[in-house]
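Below: a set of structures, written as structure tokens.
Two complexes come next, and they have one chain in common, chain A, joined by chain B in the first and chain C in the second.
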Partner chain A sequence: METLEAIELEKMPISPVTMAYAKGDAAVILDADGGLGSWSPSIGYLKIADLDSGGTDLSVNPSGTVAAVAGSDGFVLYDLVNEELITELRGQWSSSVAWNKDGSIVAVAFGKKVKLYTIDGTCIRTAGDFASTVMDLSWLPDQENIAVASFGGVSIMSTVDDIEPIQKEFVGSLLCLAVSPAADWIVSGNQDCSLQVFKIKDSTRLEMQGFPRKVTDAQFDSSGLWLANNGADEVTVWDFKGKGPKGRAPRILPKHVYGGTALAWHPTKAGVIATGDGAGMVRIWDVAKGAPEKPMPPMKRIKSYSSSEVRFILWDSTGNNLVVCHADGAIYQESIA
Partner chain B sequence: MEQEEKALGPIPVTVITGFLGSGKTTLLNRILTENHGMRIAVIENEFGEVGIDDALVLSSEEEIFEMNNGCICCTVRGDLIRILGNLIKRRDKFDRIVIETTGMADPAPVAQTFFVDDELRAACKLDAIITVVDAKHALQHLLEVKEAGVENESVEQIAFADRIVLNKTDIATPQEQADVIKAIKSLNAGATIYPAVNANVDLRELLDIGAFDLQRIMDTDPAFLTDTEHMHDQSVTSVGIEVEGALDIEKLNGWLGMLLGEKGTDIYRSKGILSIADSEERYVFHAVHMLFNGEFTTKWEDAPRVNRMIFIGKNLDRKELTDSFMACMATENSKKKSKVKV
Partner chain C sequence: MIAVNLLTKNPVLTLSGINVFRDQFCAVKNVNLDFEAGELVALSGRNGAGKSSLLLAIAGLTNFTGTLKFKESECHHGHHQPGIGYVPQRANLRWDLPMRAIDVVLTGTAGDHHLAGYKNKSKRVKLAWEALELVEGSHLGDRLLSTLSGGQAQRILIARSLVSKPEVLLLDEPLSGLDAPSSQRILNLLKQRSNEGTLIIAAMHELDIVQGHFSRAVLLSGEVIADGAPTRVIPTLYKNPNLSEVTV
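== the complex of A and B ==
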């Protein structure tokens, strides 16, 4: 078993929610109180701003200069270079923010609507009156459509035309979304402890039930061949090769105490995933080496510096470094050479 | 951070319901301003009513949705799941959560949210539902006849309550108070009533009462089983059963499963402390509609083994419930069968 040494152990005075890479080697961190901070191995944690809204989601544009922050009382666009507010919109719950691929537009879930903003803070479109507060949204690879999760299913809405969204119906409350890189599948994790799999081109819907807990995280790997989700003490990985997961038993990544609390696929290596659990353990797996239904051993275990829940794992763009962030504010970077 | 030094248990959550103008916000302000040293997070439907600087106040817009869990009456509050989920991540910032509902809110989805959502079940502890009642005007709301299929929210709020603050007694005549107390007891015999002016009730009677805590259901007020009259034209009532002896667990489970499955929509709340044949421990359960939670708790030891049970809901047939319950009593045969199984 290989154990890796941490470069530095630090505890931030915050309860982190999520993080994303900014310009340089710094990670931007959003905390549960709506505070925005940065962290790097060399400098440590620095508070950037208090945004005065319970933090829920964060997305940094591809050039790493502007952070879109979602919170319990709205949305904020923040200039990370000049450390100043670009725009804000308050008064509704915002669960999700997502930049498009070139960083020109950010999609914002705002109550039961979706709003589109340009990088200078101009709102260019407001769409939808969904059945419930929008819980998640994700750009489709065509960069023209957005998948929107709310009660009653997934809506695929155009960002360029005023046409009715395409509905992928499921009578339940959706919590998270994943869109496959080839734009053939949309998957939702749900309050009723199920995973719903929708084929984009037709009305095919597959249902994976029986998870003991609600499914709050589902992600495709970079190849689109594998999808991982939480919802149990095992992380479940589905094989999406060819015609998809129908009739195929999943891979099982076992021994996640209190469930898989953080999932992060390697940015370039297909089938390689880092997972964190409720007891602070982080493991790396190569799912292609496992067999269906048989619990597989991890490829690596990361030395744990905190026994509190792993809140977030972030690979850098090279896939050689991993930042691990715990609920108690512990944060460290591991080199995965 | 402090949170690593002390283990933070589940967050107690108190729900305040009551019709518009009954004094919910007055009670909430009393809870917030009382010198109890607790840091309280408040979830209310609109900003602005509560103006306490130290309190963390969050706004919610009631968002009810059904669950796909086989329970036909199971609805939850999506807004609470979101807000409480965010508050859980700030657990070290407060000691208690108070949810103030709108005057028209149905308490069932609020309570069911804590049964259904695994994250909230682990991190929060629903302490009690407190209903504030206007002593002067409540009766007219309670007697209001709704269209077929439309629930009377004021009736539901009383039926779901663990504690009732009978507010504004200073403006109600003794007869008005007596009438409303009678009406309340006919709907919910188990809830304790606290007459008050300006919601001035000793907070020890309202907070940390563990009404949904199986270990503490046995401390329930003696009024738990008071037999009451039906209110005129009112189909909601409570039925108490008290009987000595031991129950056959298989028969009991079969009956409760069938009862809550078939009539769970009408049965708002039920709870009981039961004596099970061949078990030294009390079996305690409570349910909100069809959602059921039960477990063996403390030993009977020398205490009389008396089964106590209460149902609160619509269209309850006292005789049928009592007869069905009695049919679950253990016979010599079932005791032997049970012993063989053990």
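== the complex of A and C ==
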């Protein structure tokens, strides 16, 4: 059995929810109380702002200057350079925020609606009256359409035309979304412990029922050939090559205590993924080297500095460094040779 | 004779040949189950398996055929049985109504004719606050619904069902949308009620939680396909994961 080589580390005085890279090597961190902070290996943690809303999601624009923050009491757009509020909208639960590729527009889940804001804080569109609170949203690669997860399935809504959204129906509550880089598949993790896979161009739907836990995270790698999801003590990786994963047994990444709590694909190397678990373990895997159905060994184990749940893993853009953030506030960067 | 009596099951709830209908459609058929006081039972199965429909039938809120007995009393559609409490799915309710949490809990007394009338108002209010206390929610009483978190809202709904001191508590996906600490709090609460003799029946998706916390699991797929200890009953679907095509 693997043992944890935990070394005492100075911890952030917060319960981190998520993080994203801003400028340079600084990461922006959102905590459960809606606090926004920055962390870098050289300086450590610095509080930037208290946004007075339980934090749920964070997205930083590609240039690293503006943070969009979702929370239990709405949405906030925050200027990270001048450290000032750009705009805010309160009064509804907001679960998800996502910048488009060029950073000109941020999509915001706001209650049962989706709102689009420009970087200067102007709301340019409000769309949808979905069946439930929007749980997740993701831009499609064309940067004109957004996939929206709510009760009853995925809606693909246009951000430029006033047309009815395309519906991918599934009776259940969706928790997370992943869109393949080639825009051929949309995958949802669901409250009923299932994974649903929708083909965008037709009505094909695949499903895997029976995960022991809710599937709260599903991600495609940069090539779109692999999809990883949590929901079990193992992390499951599906092979999306060619016609897709139907009938193909997945790769199994074993020994995740309390499940895979954090997944992060390498930014450039196809099939390389870092995973963290509920006991603080972080490992790196090369799924292309594994065989279907057989539990595979990790490519590398990262020395852990905490035995608390791994909350988030972040690769830098080069893929040479990995920042690991634990639920107890422990945070550190590892160089991946 | 004492030994015989001890060995004899004394079900608090008996379902015999139950068929549950939703909009003329038979959602669950031929259910035969006995439940005893203090059991902590999970109804599991995929979406559309009939979990919610069966709970609604036991609560008297949807049409069914067959015989459903709460202790010695036969239950019927449309007749609220005071000894049975029902906690609906949180997502199905209007949380933007301008009501305080205590007002919601108070509505749990509405079906009890012993508490009806103006004279009993203070008694109803007292019971509502006591129910809030049971779920460690006294501090939430004066809060507007719209300001409650998911876990707090779920506790308010459970408090509402506890006002009438039910012997059977039905819950439809009580952990839906809750984070781990909130889920644990709800599970602790259910275990506590179960230890005090309340029969708990909950529709559950989280199979690992069912295995770790529940005393019995009933698997549904339009009918009962398995019933027993969770470690034996929960299917090992994940042992052979596979993405299968769904015909729409």
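Everything that follows uses one rule, which is that the second predicted complex is superposed on the first by the 327 of 337 C-alpha atoms of A that agree within 3 Å, B and C clash if a C-alpha of one lies under 4 Å from a C-alpha of the other, contacts with A are read in each partner's own complex, and residues count from 1 in each chain.
One rule holds for everything that comes next: a residue touches a chain if its C-beta (ideal position, glycine included) is under 8 Å from a C-beta of that chain, and two chains touch if they have at least 3 such contacts.
Note that the structure is predicted; figures quoted are calculated from it, not measured.
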| said: Using the superposition on chain A, tell me whether chain B and chain C clash or fit. | reply: clash
| request: Quick one: classify A:F110 as touching chain B (first), chain C (second), both or neither. | output: neither
| task | Considering only the touch criterion stated at the top, classify A:Y305 as touching first (chain B), second (chain C), both, or neither. | result | neither
| said: Quick check for you: in the superposed arrangement, does A:W99 touch first (chain B), second (chain C), both or neither? | reply: neither
| request: Tell me which partner A:F151 touches in the superposition: chain B (first), chain C (second), both or neither. | output: both
| said: Under the stated touch criterion, which partner chain does A:P13 make contact with: chain B (first), chain C (second), both, or neither? | reply: first
| request: State whether A:Y78 touches chain B only (first), chain C only (second), both chains, or neither. | output: neither
| query | Who does A:F220 touch here: chain B (first), chain C (second), both, or neither? | reply | neither
| said: After the superposition on A, what does A:P212 contact: first (chain B), second (chain C), both or neither? | reply: both
| request: May I ask you to decide whether A:A249 touches chain B, chain C, both, or neither, giving the answer as first, second, both or neither? | output: second
| Clash with chain C (superposed arrangement) - responsible stretch of chain B out of 62-70, 224-232, 296-304 or 332-340 | 62-70
| task | List the residues of chain A that touch chain B in one complex and chain C in the other. | result | 54, 72, 132, 151, 171-173, 191-194, 212-214
| field | Contact set on chain B toward chain A in their complex | value | 1, 3-4, 58-59, 63, 65-69, 76, 78-79, 81-83, 86-87, 89-93, 117-119
| Quick one: in the complex, what on chain A touches chain B? | 11, 13, 15, 17, 32-33, 54-56, 72-73, 93, 95, 132-133, 135, 151, 171-173, 191-194, 212-214, 308, 327-329
| task | Under the touch definition given earlier, write down the residues of chain A that touch chain C in their complex. | result | 54, 72, 132, 151, 169, 171-173, 191-195, 197, 203-214, 232, 236, 238, 245-250
| request: Could you pull out which chain C residues touch chain A in their complex? | output: 46-48, 91, 149, 173, 176-177, 205-208, 211, 235, 237-238, 240-246, 248
